[in-house]
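The following pair of complexes shares a single chain, chain A, combined with chain B in the former and chain C in the latter.
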Partner chain A sequence: MEDKKETQTNIPTEFNPDLNQDELIMQRHREIEKEIWESTSLVCEKEELSSLEAEYITDEVYQGKVKDLLRKYRYIRRTRPDGNCFYRAFAYAYFESLLNHQREYESFREIIMKNKSSLMTSGFSAVTLEDFHETFMEVVDVLSKGTSAQDELFKLFNDQGYSNYVVVYLRLITSSQLQLKAEFYQNFIEGDRTVAEFCHQEVEPMYKASDHIHIIALSSALGVGIRVRYMDRGQSTEAIAHDFPEGSHVHVHLLYRPGHYDILYPIDTN
Partner chain B sequence: MAGAALRRLMAEYKQLVTNPPEGIVAGPISEENFFEWEALITGPEGTCFEGGIFPAKLIFPFDYPLSPPKMQFTCDMFHPNVYPDGRVCISILHAPGDDPMGYETSAERWSPVQSVEKILLSVVSILAEPNDESGANVDAAKMWRENREEFNRISEKIVRKSLGL
Partner chain C sequence: MASPSPSERRLQKELSSLMKDPPPGVSVDANAVYQHLNLWNVHMKGADGTLYQGEDFQLQFRFSSKYPFDSPEVTFVGDNIPIHPHVYSNGHICLSILTDDWSPALSVQSVCLSIISMLSSCKEKASTLSIEKH
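And then the complex of A and B:
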């Protein structure tokens, strides 16, 4: 609260050497960013995929890819573009599918409970881990109610408290997986950062966007197949699919547009 | 959301009381408000701040630990990584990307698994070894680099003042 006042009263006035100007500019930047984020719900209602056509009326490359997608998918569910979108989209799409698959829900719950001890060995202290784990389990337990919990799940994912804690917990699972298999993942990390440094800077902090390496780690940690459809300026007329881990059974379909992930629903289900 | 922050702060406080790190005491200023803490930091041995006890306050946001707290010394402090008004400027108090000082990429950053304890330990370590690349206090950074004797003399005064001498 104090800070906001500081920004408002100090930016237009004379240079004040006690204030870090860069910090003030950044704070402004964050405020603007936040306004943009908040114009989209954390997780939106499902809508017809054809709504994408309107977004690209003047763009042939993208139009071709939308057409391709329309042959395979029926609905899209948008998520807030706040850097957490991969985790949030993944969690929502997977949890939603578990409502219909109670056996898989049971085994997912077991994986999560087992996984907790590997998080402890990755160096996260019990004090910092406990709250995230508990909140995550609270949401997971809702899935045991089956399809009748659809609305409840939607509400939880639009409640910042629950929704962001789910994101944090998935970030920790991702980080732990990367560190457990550090020898393998080191090959994919640019620059001279170690895997642990990469995790502290690019995985664990909120709002840091995800790349292939994050997706591979999370999907293999949980044993959940993710198909990402890429919509970019590439010349192909198809929105190319990548499956993570490669060759796995696909549980979750995501649409990637530069910098952002949304959820896709294939035509053959519902 | 504030409920989760409160729960976490209470857990961290309990941890700090039952298992305090050497040279650090920290806790809420009043039981009524867990979002404002006071910390006492002992100047690390073998450094120019040795023997001093430096009070600071920590202000936590309602979405803690998703966002970091802010920290400010409430005593005199002359140090490259502390603004003249006492605000502490170290990498762990910033999320990556929030980079007023262009910290090295390897520097420790804020994330929800950091903690008050880790912040305070980082502060102890910059007291022992200032990072003169990040000039929150440009004069102090310059003096630390170019006139260590004078820097030590000023530190000694600050240490004595912190003890009420």
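And then the complex of A and C:
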């Protein structure tokens, strides 16, 4: 592990063979990435899905997929591409839907309270777990106000203090679920890492991006069905859908473009 | 939002937990911390039965306003810097949870435990940081 903190304050003005040049380039790359992130709100306002068409004017493969999406979805809500986007997009989309479904909100609240005890046995420090749980519940409790809390929810998700606490708590739920069913998930982990190591390196830290394995774990821990529409270079003219867990009732629709998740709103519900 | 900030609130909780239930050989000067909540001095004793038995160390924790989303900056300070392959002579510690693998679910307590375990597992005191990646 190179010493990043040190090189940050010590950017050399001339070539210094002791410093790793690749590391400096990576560093600059990360700074640029960070500037891009910070220009996007954590959660943006809803916009017409047709706004995607303009992004892919010169690209036939993507254009075909946008057309396909437009037959099924009406709006898109973008999220900040900071590696936390899966958790943030999922939480916002699901919480927003709970505003309209109070009975489901009640049962979600129960699931969260029950789930807390399995988090307690997953080896997280009780102090930090309690801290994240409290703030997470503050946001969850806002949902009991129903549709009148729409603006409040939007504000909370754009306030780092709350929004990132929600992300962390979902990361902990994901990690705990992976470790609880380690025998099953071990098959999907590449390399020599154990499930616990994978969780410490790829799930629990902020800004680490999510893959199928994270989505399966979170959706099954919470019993919330997630449909991800994949918009990639694949030759299909359709933006292929994957439901997590397979065969579940879908609550949340997300759009995946390489490295990033945004929220989709189906035509029939909005 | 009312004061204290989430980061201060979190640090206060961690401080009382660390005072109530410190890892073996670890103590914190609470009075000094109350004055500067973002700068902690933690005393650490070399664990019995290890190469560092009988030695006393000082760790400094510096927290940004983005803590716990940003990792704390943790260095050994004072006149006794442990001689260890992953500790620079200026006190800087090479530990993945302090950079890439930091998670907001970690804490001062878990960082202390990792450092104790890093020191305790050392088989041979080496005075320079090895360059190879680990």
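FYI, the second predicted complex is superposed on the first by the 242 of 270 C-alpha atoms of A that agree within 3 Å, B and C clash if a C-alpha of one lies under 4 Å from a C-alpha of the other, contacts with A are read in each partner's own complex, and residues count from 1 in each chain.
Note that in this section contacts are C-beta pairs under 8 Å (C-beta built on N, C-alpha and C of every residue); 3 or more make two chains touch, one makes a residue touch a chain.
This one's a predicted model, so the numbers in the text were calculated from it and none came from an experiment.
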Touched partner set for A:172, first chain B, second chain C, both or neither: both
Which of chain B and chain C A:209 touches, first, second, both or neither: neither
First (chain B), second (chain C), both or neither touched by A:23: first
Partner chain(s) touched by A:191 [first = chain B, second = chain C, both, neither]: first
Chain B versus chain C as contact partner of A:129, first or second or both or neither: both
Touched partner set for A:200, first chain B, second chain C, both or neither: both
First (chain B), second (chain C), both or neither touched by A:164: both
Contact residues of chain A, present in both the chain B and the chain C interface: 2, 124-125, 127-132, 135, 160-161, 164-165, 168, 171-172, 200-201, 204-206
Residue ranges of chain B touching chain A (in the complex, touch as defined): 1, 3-4, 7-8, 11-12, 15, 59, 63, 65-67, 83-85, 89, 95-101, 105-106, 108-115, 136
For the chain C and chain A complex, residues of the former touching the latter: 1, 5-6, 9-10, 13-14, 17, 68-69, 73, 88, 92, 94-97, 99-107, 109-110, 133-134
Chain B-touching residues of chain A, taken from the complex the two chains share: 2, 18, 20, 22-23, 26, 30, 124-125, 127-132, 135, 160-161, 164-165, 168, 171-172, 191, 193, 197, 200-202, 204-208
List of chain A residues in touch with chain C within their complex: 1-6, 124-132, 135, 160-161, 164-165, 168, 171-172, 200-201, 204-206
